[in-house]
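A, B, C, D and E label the chains in the order they appear, each numbered from 1.
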Amino acid sequence: DVGACLITKTDTNPFFVKMKEGASAKAAEMGIALSTYAGKIDGDVETQIAAVESCIAAGAKGILITPSDSRALAPVVGKAREANILVIALDTPFEPADAADATFATDNFMAGEMIGKWAAAKMGDPAGAKIALLDLNPSEVSVDYLRDQGFLQGFGIDIKDPKDIGDEDDPRVVGHDVTNGNEEGGRTAMENLLQKDSGVNLVYTINEPAAAGAYEALKAVGLEHQALIVSVDGGCPGVQNVADGVIGATAMQFPLLMASNGIEAIAAYAADGTKPVNSEGLDFVNTGVTLVTDAPVEGLPSISSEEALHQCWG
Amino acid sequence: MGETAGSSVQNEPRGQDFEQVLGQSDARLARFEDRPPGLIAALQHGLHGNPTLVPVIVLVVAIAVFGLIAGGKFFSPFNLTLILQQVSIIGILAAAQSLIVLTAGIDLSVAAIMVLMSVIAGNLAVFMGVPTVLALLVAFAGGSAAGLMNGFFVTKVKLPPFITTLGTWSIFFALNLWLSGAQSIRSQDIDRNAPLLKFWGEGFAFFGARVTYGSLLMIAVFLVLWYLLNRTAWGRHVYAVGDDREAAELAGIQADRVLLSVYGLSGFVCAIAAWASIGRVGSISPQSFYEGNLQSITAVVVGGISLFGGRGSILGALFGALIVGVFQSGLRLANVDVLWQVFAIGWLIILAVAIDQWIRKVSR
Amino acid sequence: MGETAGSSVQNEPRGQDFEQVLGQSDARLARFEDRPPGLIAALQHGLHGNPTLVPVIVLVVAIAVFGLIAGGKFFSPFNLTLILQQVSIIGILAAAQSLIVLTAGIDLSVAAIMVLMSVIAGNLAVFMGVPTVLALLVAFAGGSAAGLMNGFFVTKVKLPPFITTLGTWSIFFALNLWLSGAQSIRSQDIDRNAPLLKFWGEGFAFFGARVTYGSLLMIAVFLVLWYLLNRTAWGRHVYAVGDDREAAELAGIQADRVLLSVYGLSGFVCAIAAWASIGRVGSISPQSFYEGNLQSITAVVVGGISLFGGRGSILGALFGALIVGVFQSGLRLANVDVLWQVFAIGWLIILAVAIDQWIRKVSR
Amino acid sequence: MSGQPILSARGLVKRYGRVTALDHADFELMPGEILAVIGDNGAGKTSLIKALCGAVQPDAGEIFLDGRLVRFASPREAQAAGIATVYQTLALSPALSIVDNMFMGREIRKPGLAGTLLRALDREAMRAFAREKLSDLGLMTIQNIDQPVETLSGGQRQGVAVARAAAFGSKVIILDEPTAALGVKESRRVLELILDVKARGIPIILISHNMPHVFEVADRIHVHRLGRRLCVIDPKTHTMSDAVAYMTGAKTPAGMEAA
Amino acid sequence: MSGQPILSARGLVKRYGRVTALDHADFELMPGEILAVIGDNGAGKTSLIKALCGAVQPDAGEIFLDGRLVRFASPREAQAAGIATVYQTLALSPALSIVDNMFMGREIRKPGLAGTLLRALDREAMRAFAREKLSDLGLMTIQNIDQPVETLSGGQRQGVAVARAAAFGSKVIILDEPTAALGVKESRRVLELILDVKARGIPIILISHNMPHVFEVADRIHVHRLGRRLCVIDPKTHTMSDAVAYMTGAKTPAGMEAA
């Protein structure tokens, strides 16, 4: 029988919980024995390394992994590949991307760009924007800068170094603050940026929990109608928040798809040794992003929150 | 007792010969002096008598300095009341932490208890149709039980508090993930099914200031605990057990019972923080406050409560939480990178406690 | 001294009348007995004399139990040596932590020092063209300096170690993010420019087992520290200072110097861990080992070293690290969710220390 | 001295690891008497009284208070039964004030609702009472009754501990070397206090290495040796030399109330 | 007694908060003598000797050793200068063994490379030496020299501390109430040891509340009162009553070597 492993960054994030559900369901369907592992917190490199090693020890055929650190996990998955294990990165690519046999991911920069463009079109007068950016944490990991910089680029702001958050000098940017990707951080960060400039009218958030927190902060001071909130993820609570008018638009990703594709790829590899091939012109298999909004704008394909609710994180 | 003779002869001078002179002895034993030597020493002595003043002074100085650096924005009634809101949860946790620290313990699990209880109350009230008041009662009972569980290991199994709570922290963290399935409960769902959960997020405004009931709750928690610790026998026993447990036991204090009550109360206060946190955050997030344990300890030590137990006023922790809040707000408004904010808080901890040590040095 | 007469008359019975009988007094003072009462009590007494055996026994039991649960995979030479590799970094950190804990301190910054030093060595050797040996020397010096900085606050400013390292943890963490720009250094870049950095990741294989030099390094670090602590005067002074600092000082030990040396050495050991971690991880990640501080403390307490200082053998920390490693490996191979792994480690901490307390109870 | 002992023990055993601190020790305290317990260092005197007042649990043996078998699980239970003890290590909380220490576990609450509902302490009443007790002992040279005990000299601390026991012991008072750290004047006050307490009808157990003190105040002397009672002697019919000889093993008691 | 004092002090002041423990105290110890220091509890005796041996830093005043001005920043410096002290609180590490405690700070290293290069301790040599010193004090009833000090009775611990000072004090030995916790037999041994040490020519400062002991061994008696030296009396020309009267303030010394 075929053994496979799924190693996520944490178990505390619904995104990864969803991924695990998808992988488990597919594995059960295809008769693959799946072992799942996760770090305790984001950035928990050691636990992920130990998990890869356990998979090697257990003689797995394939490993699906969302690396906590794109570079630091590369050596150990190298060892796994030497042991003829198929390694597929999910959600977060390795650096270099070919450290894994394949990558099934969202294009995070594009996800950011999408909501940036939407915001610019929605506001009508981008020159009068006052933008608050709610990022992940002080470490500035790749999802963090890719989405942040993608958003700014999409909005039409010169981002200078695309890997550095906060080096732009456009006066429309009120500031950046970190949220740890949760509601409490989102609320505090929003309050802080409102302190700098109470005229904030556009809020970018790293994910939907942060967006929910930001909305609470705005609501507390009666500014929830002054500012537009955009986010990334497309989790069901996030989509619901689009429906409820909390979030203007969000870029939906497909973790369940990443996971089930991953399992299928491992099954194929186990059967006849075939490895997945990348999407055209990319060094990864793009699992796609879809803009979700109830206020569509010209030239940007999107789906409504109602439609999205049927496929959220499917 | 007429029949007992003993060797002591009544109404005659007793003892060895050389003791007969004692009748005329003088009562003075040592000299006292009221005038401390220098100016700085005078300050030091003054503060020594009133150590709770130290964090108050640090707070005032911090506010003044950031007022200068960050300007009017910092000083606005809005910002000052905002700081009060932002510290309210860590503040209540710091009150729970102080109780443990006063008994010479340390609690790495306060934030984990709080998050677990908010998840429990939320699931019951929002998704399972349990009346909100009942859900809250369950959370209070659960918080107290979690505290008592810590207390059980500390008193009955005699584990050091640090180790106990290092262990239960993992346990509560795991239970929290399991119960919540890592899913947040949305603000809108709470509003619809159990708005009472968000009560402490409400408030009132005046002259630009915005005071939430949560901020007032934090202050009330501190005042009640201060009263219990300083004006009741229970409070004296807490200090005695924290100061020298063995001595307290020999003096007839049932140290185990006192400690159990402290841990139980501390867990209860964590449940209060859980309720308040729902109002503050707006939603119920199993992922929040991961660093809350260490943040509450930071507030306690910056507030001058001794980690060795038995010394310090619980009000210190309130000022400690406010000092950290003022620092963070000030640095942000002064446009300092998060990175350097972390750096500055590190130095704040060291500096605040160093000042405290300097004050206490007087008596050595 | 012939001229001094005093009141004591030589060669005559001295003292008060009733003391004249003392010449015939008997020398016995108390009775001793060699046969302990029951079977469990006998075990308890046996272990009491040799407390380091406790973690060894727990380790053996844990290996046996997981062997049964997780089956042959667990027992393979490959997996057993893998566990050794997996615990090597936390193991070396636990050695550094033990030094501090033996002086009744606690160090929340060991992992932060380690990561900072690996980032420094990596940047120098990989990107700035500094010869690798020199880069490593800088890291060793840096680690020692970071340790001494902690020691300075503990001894000269008299801050409690917990507070000092809570503060410096933030400081080192911020410096680490600043120096690394939060970017990991890639394995290939290290291979190209400074392969020596990865030395401890190499190793040799036999019968399916794979032993890395890093695992051996961990064991060597423990043996050297054991010798220093138990066979040199310095080691005795460390225990004395940890046991009762004031008494040690009155006995003529310069407690401050001893503590400074302990903190400096501990920082140095963290730098060794930094080097070893580059070999283990394969790259240099500024975000790794965020929980390493608490994990090293876990190993130390599971290994039976008292947090109150002065008691316990440093070898206990080695066994403590191995116990945690065996647990995690066993649970992983048994396909237990992280959630429940975290849960189980929580109980492991509580259980291991509870057993230890039970053993020590004999003397009370 | 006649009748039933107020506090007695049979066959107490206490082991610490391989040391047998109490080796089937017997003990008897008669109503109204001062019983001195003497013995070499390490003979087991402290272990004996700790077993009597609940501070350690004996491995074997029985204790009787007023003829009834008792078992004190903690010092608190013994105190509730009226046995107050001044330990060799004093049992004071250094950071707390003199008043707090004196009333530890026996605090006075305010009258009325403040006391019953809010459980507020009556600090004035406690201060006044403490001042009075310390004056009785001649210890009011202590400047401030609210000062922490850690600022007192060793002798002053001993005074506080003795004053506490004297104020609250209702049935038996046990003093473990109460004058060891005290000066001539302070020792005298303690001895007088002991005689006062006895005059109030409360029996006292006094452990002391000071023979003149023992022979001055004791009604009977319990000689402890090698973890058990060797004999009980009458200070009126025996000399200090006899006592010292028994206690140190220089002589063996013959034809007397042996244990 | 003539010549220059070996250890002396002028105008020592030490304040603790608002308490003045030492109030311009003077002090003189002559070569080869036993100087007793007596005084009420809290008179400042312990503060005085702590100032003399570096354990506290006086706020004012000067200390002379062999006529040279000295300033001991720590007990270690005083020890290096040959002053060994037995503190009232003993200064032993409870968890460490008797041997470890006796040699604390003065460990013996193995001969040869093992000692110089590897800095290995010579544990056998230390054990043998410790056994010898404890036997001198009659303390070899202690069963096992490697047992932790915390398992000893109060009296036994005192013996270990005294043995340590006697073994290593080369110039002055200071004893703060060394017999307070000791039994009759053990006290006698300590007094004999004091006389032995004196016979070896080493002067001793002895703080004690036990007047018979003081008058038995002291060459001169320093009476301390209210933080300063009141007078120095000669036990051959003064009675215990005189000493007690001065020390407690019952009488004021007249026409004598006043401070």
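Simple rule for what comes next: a contact is a pair of C-beta atoms (placed from the backbone, for glycine too) under 8 Å apart; a residue touches a chain by one contact, two chains touch by 3 or more.
Quick caveat: nothing in here was measured; it's all calculated off a predicted structure.
Counting only chains that touch, the fewest steps needed to get from chain C to chain E is 1.
Any chain that touches chain B and also touches chain E is listed here: C, D. Of the two chain pairs shown, A-B and C-D, the one joined by more C-beta contacts is A-B. When every chain is reduced to the mean of its CA atoms, the largest separation from chain E belongs to A. In terms of the distance between Cα centroids, chain C is separated most widely from D. With centres set at the average Cα position, the gap from chain D to chain E is 30 Å. Centre-to-centre spacing of chain B and chain C amounts to 30 Å, using the average Cα coordinate of each chain.
The distance from the centre of chain A to the centre of chain E, each centre being the mean of the chain's C-alpha atoms, comes to 73 Å. Shown for chain D are the residues that touch two or more other chains, namely 16-17, 19, 40-43, 141, 143, 151, 156, 184-185, 211-212, 244, 248. Among the residues of chain C, those touching two or more other chains are numbered 16, 18-19, 22, 25, 27-30, 32, 174, 177, 339, 342, 363. Along chain A, residues 11, 41, 138 each make contact with two or more other chains.
The chain pairs satisfying the stated touch condition come to A-B, A-C, B-C, B-D, B-E, C-D, C-E, D-E.
Residues 106, 153, 157-160, 162-164, 166-171, 173-175, 177-178, 294, 297-298, 301, 307-308, 339-340, 342-343, 345-350, 353-354, 357, 361 of chain B touch chain C in their complex.
On chain B, the positions that touch chain A within their shared complex are 73, 78-79, 82, 85-86, 177, 181-184, 186-188, 201, 210, 277, 280-283, 285-290, 329, 332-333, 335, 337-339, 342.
For chain C in complex with chain E, the residues that touch the partner chain are 1, 4-8, 14-16, 18-19, 22, 25, 27-30, 32, 227, 231-234, 236-237, 239-240, 243-244, 246-254, 310-311, 363. By the touch rule above, chain A contacts chain B in their complex via residues 11-14, 16-17, 41, 138, 166, 175, 177-178, 180-185, 187-188, 191-192, 195-196, 209, 212-213, 215-216, 219-221, 237, 240-241, 244, 246. Taken in their complex, chain D has these residues touching chain E: 16-17, 19, 39-43, 46, 88, 141, 143, 151-156, 158-159, 177, 180-187, 209-211, 244, 247-248.
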